[in-house]
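What follows is subunit A paired twice: with subunit B in the first complex and subunit C in the second.
Let's turn to the complex of A and B:
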């Protein structure tokens, strides 16, 4: 009777471990090809994840095995009475200090990654100098505002700014920074492939930087409940080589400012001469 | 009852309940009762009823994830005739909001504090009732306005649509979620009412535990259950006012335009730009300052109860009583400084996130210590494989997963990826369903004889456990994989996104498991109602347990104890040589020499007490 129950409690941790071990092979792991993050920072984050996974896997297997073994012994206990022990001071110390040290190590170990990721002082300089676009989340779409070619992103929208919806293009090969804001409620800028997530907070402008390590098209979704259409804030981030990116900006300029006479509509700064129709 | 016994603190005679008379008629006895046992049972049935509601909502959520936009069988055409039986995305939002609301505010918190807190505190510390019986009655009756408010809010089309976390601006401005105008306000009122209910309970529990312990019941002789409930009451009392204040601020934002939580210049749903000056982050701080401690409010009582039950079922003293108490206090006190781990990506200062990260990492330590101590309690025990034990092991086995997944999320960089994905959903279902509910199932089975004087059925109980355990793991374990693949939570249709398309089969598997799990609860209800009337009669102490409630008759009469208990020992004295049994009640002065089987142990206990008092 008791032994059957021990097997029952043994079964599910085994199933859990097996399914976790299988996960990377059958696509249950991180998304996209080979479960690899598409950014170097993402790879470091994954490294931290795998480190924690190893630690927790050992603890998981160890504790589940200990429980089942203790149950097994308990089921077979032919003694009239259980062992009369009230505790063990040494043991308590051992199993407080060892996990304590491990946890403290994990805590300190990850600080670098977090600092590089989010502490402004450590942001890559190239990215900070020229934010590439302002990203505005709204119910239920993403809007992007790029500065005119050759200009810097201004805090306030400029007449010659370029706009796009649900498609953000960024150049490949350098870290880029966006300014994240929201028009209405809270949203969250979630780029699973790059392991980036940042809430868009109404009233704040939050700088977010990232650098993809290979060009490609990545899903951009919203991760903070923003209303009934939360699930359909579908967008893409397209990481492309610098030339293609410039090309894209040009097309965008043309689409937006072509005045029908073969000229780009004038803006105060007289930037019309730079980009004529080909 | 007699006021002759001095309390250990000397305060008892003053704070004794006004020796309320045994209630006469039906209404004062069963409805507006001030007897803690009746109130506990009222809480029990109310929360079980709410569990059915919450479960039904969960199944509807799961239906949408497994068969998106398909008509729900049976209820679909009837509920959503206008949409051809489909669940609309607005309604999906309401479904998961109400599921969480019902489960957290109307099931788990009240079943722990309300049912077990009420029932066990006076019985386990040897008091004849709570310190404030009327307040106790009110704390039950304040649940109903809350239920009414939540119900009304759900009844509005557009309903409460902001999740149980009710984040502004979505929750703060009616135009942000069309139709949510009055509904969200009702929702907030519901939370406020349930907050009053908890607050009255927690003040009562603290007072009772501090002042009304039986002679000899020092703090370090209190059963772990009482420790769990005591610390929970303290957490409630200190954390809840913050949520209540926040809730009022949100209500005034909605009704009076006080703009605590919204800045100016937002254009929402083409309405005029807001005039404000507030900050949405403020709500998150206020909310999580309560709600992180609240997750421990939803766990600590269970940790306590499981400690007592495991020790009894393994016939072995609890391993490391003091470390258990200390780790519980550590969880509670650290619990106040980790709320920021829900806000790593929220836009608060990232440097602060680091501090919260360290605190959160450290809170995993006492949880680990407790797990080791429970395992050591089983080690070398004589394990009785009954429903109580199985559910306790279920608790332990699943709590480990929830605790370990907590470490991933405590790590800030990793949490950036996991935040608001299904990984979080997996984590809190492992702790809240896996740990808390299994603990509650065990506790129902364990204290049922004391509540109703009859035993519950073992076969039904075991079947219920097996199905629930398999169903729960089948439902919640794959959620980790969904989270790893980046599936955000609260999505009505995740398959819209390319990288999530292939997750449909996994979601279908989970939904089927959830249906099995839901169906298994029918067995629990059958078991409870059948056993209430036809279960075998239980004596005073069917489990051969040591704590005070088992010296009272089952069910205990008004006033609880026929002989006032006096306490001589800690709570878990098993594996001793005491006459012919292996346990020493807290009321027994010392072990009897071995003697041939004689009169039953209850009489022994009673005699013992009479001699010593």
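Let's turn to the complex of A and C:
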């Protein structure tokens, strides 16, 4: 039976390494475009993840190899007896200091990324100056409030604000910031493709910034188990070139101030017969 | 599946009502096509390719069919009408359907004997598609047959809409018209701010229109049922029956049954036809252009003068806005302190304040909150004022106010959330 156990413990490191290596190809890895994040910060966060993955993989493969070696030797050699070693100062020091150093290294190494991601002082100035929208999480949808074209987002709603639901448009290629709120319970603003995740708390307004590096339509999901309809709490974030984004805001303005007469961009209310000029 | 009122009829009267409904609509598990409804049922034509040999003791006939691949992958329960071959004109129910292999199983019967080359059509494919989407996304609040009492409903306030009255609050149509399909599609896509109705914007256009198609079908079914119940209730409810056959009533069971039988034979078919037709027609008419509320003039510029004119109108005896919405628009007018009479039962409500026709207490909207359930475009507010809000005490002012006055009111009401008093 000893050799059976050898195979058993040999199997897991191999399976782990093979499945991790294959993950991007079979779509089990991080979302989008061959496991690459759609934001620059996201790529750096992925880098951190891979670093940790490699460190843990080396440790895992190493310890498994040691087990397999020990089992193999024991299974093949009935004469040699195992020793019971009690207390080995050197060994204890080695396995305390090495992980300690690794952890310290990781802690220092990731500080920059964390600061860029979460510490307001390090946010890109353009984004902080002009948040593009207020995002309100609500059971079970996302509501967005943009300032009127050419104006800045105000703390309180303004008469000319633009509103939409479950579809957030953001311009491409520059850092943008949103103000995150919750209307009821705790939700979480999660953009898996951009590696952005931030809890929304009732009574708080939390700034979140991100910069998409490729245009596209990305899922915005709620990452907090916020109630029965939590799994439905899904929206799209549409990253588009600046002109298209401005075009969108224009359409939204037209729709929002629609008085039932004249032409209206047929996107929102297209099926209504009044959409055509009377 | 059936309304409370149907179940309160005496059993002899309830039975034909239920049978008629099942015949015309089927039920949510086994849909049925009925001509004359403004419903997109969605027929698909197919041809028998090969028939599997089946033992004499097997209750089903299995055959492979072509022509169905593009329609929908879940056809179980739908009616299949044979259009050629021995079974021509007969209808089978699909018991099993395997989309991968194109295999259909129907119940064996003496009348049908499918042969390769026989043609048939499957009915209600689109309706079934809508039903499946409805069951996935809507049913847990709005209930299996649209009665508004799904499992989640008791946690919600305001409660989910009961579709069976065929009345929807936020429409673009005149106060006497039903909702347009586009109105319901908008509600599904945009959600209703301030309520638990979320936005389903991530569904495709096709999915949304299929859901709305099904919801309207549920409404038509519910309204037809209600009309039949109303017709029978005064004479043949269990309560009336007990009264009629009590000592004072003086009628015997046989007499009542005889009269019911006569009614069922002579009048019921017409009643049923009239009920279905009138409901269907109303739904069809709502989608016509002249059902829409369209202002005669563009929005009056949103100036302080216009708002002031609106404010005066708001406070005037002509509109009486303040009696419900309060002098400051806080939703606390004097009407909220009165006991009102339920128009359906002529009894006073248990609670003070206004009620909607579904029997729920309905506080007038606080106009300062900036939450617009029916949409936040000026045209939405215009329509709420011009055509009222269906099913609620909010009246239509389209007749009594000019367009200019309506727009002034719109400008005033829409300025309230930003007037700085907050």
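Convention: the second predicted complex is superposed on the first by the 251 of 278 C-alpha atoms of A that agree within 3 Å, B and C clash if a C-alpha of one lies under 4 Å from a C-alpha of the other, contacts with A are read in each partner's own complex, and residues count from 1 in each chain.
Heads up, the rule we're going with is that a contact is a pair of C-beta atoms (placed from the backbone, for glycine too) under 8 Å apart; a residue touches a chain by one contact, two chains touch by 3 or more.
Computed from a predicted model, the values in this text were never measured in an experiment.
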What is the contact status of A:181 with respect to subunit B (first) and subunit C (second): first, second, both, or neither? neither
Once the shared chain is lined up, is A:159 touching subunit B (first), subunit C (second), both, or neither of them? second
Touching A:232, do we find subunit B (first), subunit C (second), both, or neither? both
May I ask you to decide whether A:145 touches subunit B, subunit C, both, or neither, giving the answer as first, second, both or neither? neither
Quick one: is A:169 in contact with subunit B, with subunit C, with both, or with neither? Answer first, second, both or neither. neither
Spot which of subunit B and subunit C makes contact with more residues of subunit A, would you? B
Once the shared chain is lined up, is A:259 touching subunit B (first), subunit C (second), both, or neither of them? second
Mind working out whether A:79 is in touch with subunit B, subunit C, both or neither, as first, second, both or neither? first
Can you list the residues of subunit A that touch subunit B in one structure and subunit C in the other? 139, 228-229, 232, 234
Spell out the residues on subunit C that touch subunit A in their complex, using ranges where they run on. 137, 140, 152, 172, 180-182, 185-186, 190-191, 193, 196, 198-199, 201-202, 289, 292-295, 297-299, 370, 376-379, 382-383, 414-415, 417-418
For subunit B, which residues count as touching subunit A in their complex? 88-90, 92-93, 161-163, 167-170, 173, 176-178, 262-269, 276, 279-281, 314-323, 345-347, 350-351, 353-354, 357-358, 361-362, 364-365, 368-369, 371-373, 375-376, 378-383, 385, 390, 393, 396-397, 400-401, 404-405, 407-408, 411-414, 416-417, 419-421, 466, 469-470, 473, 477, 481, 484-486, 488, 490-494, 496-499, 502, 506, 574-577, 582
Quick one: which bits of subunit A touch subunit B in the complex? Just the residue numbers, please. 1-2, 5, 8-9, 12-13, 15-16, 19, 23, 27-32, 44-45, 48-49, 52-53, 55-56, 59-60, 63-64, 66-67, 70-71, 73-75, 77, 79-88, 91-92, 95-96, 99-100, 103-104, 106-107, 110-111, 113-115, 117-119, 139, 182-186, 188, 190, 192-193, 195-199, 201-204, 206, 219, 221-232, 234
Which residues of subunit A touch subunit C in the complex? 138-141, 143, 157-159, 163, 165-167, 228-229, 232-236, 255-262, 269, 271-274, 278
